[in-house]
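Mind looking over this structure? Questions follow.
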Amino acid sequence: MKYTYKVPIRYFDVDKMGIVHNSMYQIYFEEARIDLVRSGGYPYSTIENEGLIFPLSEVNMHYKSPIKYGEVIFVEVSTAYVKNYSVKFNYSIIKEDGDDVCNGYTIHAMLDYKSQEFREIPDPIKEILKKYSA
Amino acid sequence: MKYTYKVPIRYFDVDKMGIVHNSMYQIYFEEARIDLVRSGGYPYSTIENEGLIFPLSEVNMHYKSPIKYGEVIFVEVSTAYVKNYSVKFNYSIIKEDGDDVCNGYTIHAMLDYKSQEFREIPDPIKEILKKYSA
Amino acid sequence: MKYTYKVPIRYFDVDKMGIVHNSMYQIYFEEARIDLVRSGGYPYSTIENEGLIFPLSEVNMHYKSPIKYGEVIFVEVSTAYVKNYSVKFNYSIIKEDGDDVCNGYTIHAMLDYKSQEFREIPDPIKEILKKYSA
Amino acid sequence: MKYTYKVPIRYFDVDKMGIVHNSMYQIYFEEARIDLVRSGGYPYSTIENEGLIFPLSEVNMHYKSPIKYGEVIFVEVSTAYVKNYSVKFNYSIIKEDGDDVCNGYTIHAMLDYKSQEFREIPDPIKEILKKYSA
């Protein structure tokens, strides 16, 4: 099962070539995965209040075709694996007509914000993530 | 040979966790490679005036440790290969004390801006890029 | 009459203090006014295709209270005046409960992109803008 | 006396019109004033460690002429007034040849981060700010 997030593209996201700047894709990935977890009943603020952070350890992206300002795009996100301390997300950015724009993945480790040590992903989050396993 | 670019980190680059946001690394990579080519006598405006663009086809990054606001960091950039129509850059982001922050690469294809078709990388740019081959 | 634009706040918009960075308000203003004109049947791409640009000549903002990540906010935008070559927009950013976050205005002049000379605002755009005069 | 900050413009700062996006000027203002205070021996981290924040209450900018990628620009910053709890900065962005790009000001109040209540600006910071009073 995939989670679909509609990206609100801003004029600011577009670069001098008239297309969405390559660095913005990571921000779209981020919003999509935050929205996936929020949709399962776990808003970002709750994760923070528990003193947890979920930093990236790796990102990979293949750019297929550019995105222009005004185009409607979606991020489809699913989980490739959900481990005790880490998770891998897969992403596809697609246009309204189904055209592939970008594929990629990110890997995250769950940490305690203060100690910066590994922390087990809380069960309710694990369940949300597993619901969207590819 | 590696080209070293000192990154001017902005307060804005830092996120809610107090560290440089993951999407900024791509912007640092970009400034480093533009600066490498400029240092060889080929400013970005010249490339543009020739109707050429150099979009990303792939990016990969491994995040090792976070960057805090106020820290001095450098991007070391070199070329993994320089082909007729494409180039691969390798990057390391390091701190003043030599600590590894991030490793990654980007792959670019050279295109004609108007036709969006492949174009051969001009010889003077190729020479600059090859000078920094790892 | 006011046009109301719901702002999709991104995690990236938030700074080290945990609140939306002051520079983002201008981006929210921008999306709100582009959306106002688009809602009247004039998408940004049409303005561009006509070779017109609408750069800022002045901006002013009073910040009342901070915006936190996860909060739902709206930009209310109206026009203070619509002249032959320029327009002034008024903005209020408000929270769901009606709390005032920021008031401000921007002034724009319409220019020809190539010549950078003043151009009269096309009548259909003028009508849209006047529909939302305060 | 004015403090002069050389702005490292990024390719990312430039928008679809090929000029620096209007929202970036606020980020340049911010870096300039942080750099002014840092130059006086008070790095941003010290302010934070004291539990102080310095949010904007007002910003105003007049845009005179656009900034293109590759141009060298400077922010000249000085203080219009330094009160017990607040400060007003004046800014001019100028090009290498002295051309005026933008004038503006920002007003800030000093707050305690936790209580969000007003706090007196520490004397050493006041002295730095007064050194640059116009």
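In order of appearance the chains are A, B, C and D, and numbering begins at 1 in each one.
Please note the rule applied: a residue touches a chain if its C-beta (ideal position, glycine included) is under 8 Å from a C-beta of that chain, and two chains touch if they have at least 3 such contacts.
Remember, predicted model here, so these are calculated numbers, not experimental data.
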Repeat of interface B-D, chosen from C-D, A-D or A-C - more than half of residue-number contact pairs shared: A-C
Pair of chains joined by more contacts [C-beta pairs], B-C or A-B: A-B
Inter-chain centre distance, chain A versus chain B - centres from mean C-alpha coordinates, in Å: 23
CA centroid of chain A to CA centroid of chain C, Å: 28
Separation of mean Cα positions, chain C and chain B [Å, integer]: 33
Sequence positions of chain C contacting 2 or more other chains: 11-12, 23, 27, 30, 69
In the complex with chain B, residue positions of chain A that touch it: 17, 19, 22-24, 26-27, 30, 53, 55-63, 66, 113
Chain B to chain C touching residues, read off their complex: 11-12, 14-16, 18, 21, 23, 69
Sites on chain A touched by chain C in the complex: 8, 10-12, 27, 30-31, 34, 43-45, 69-70
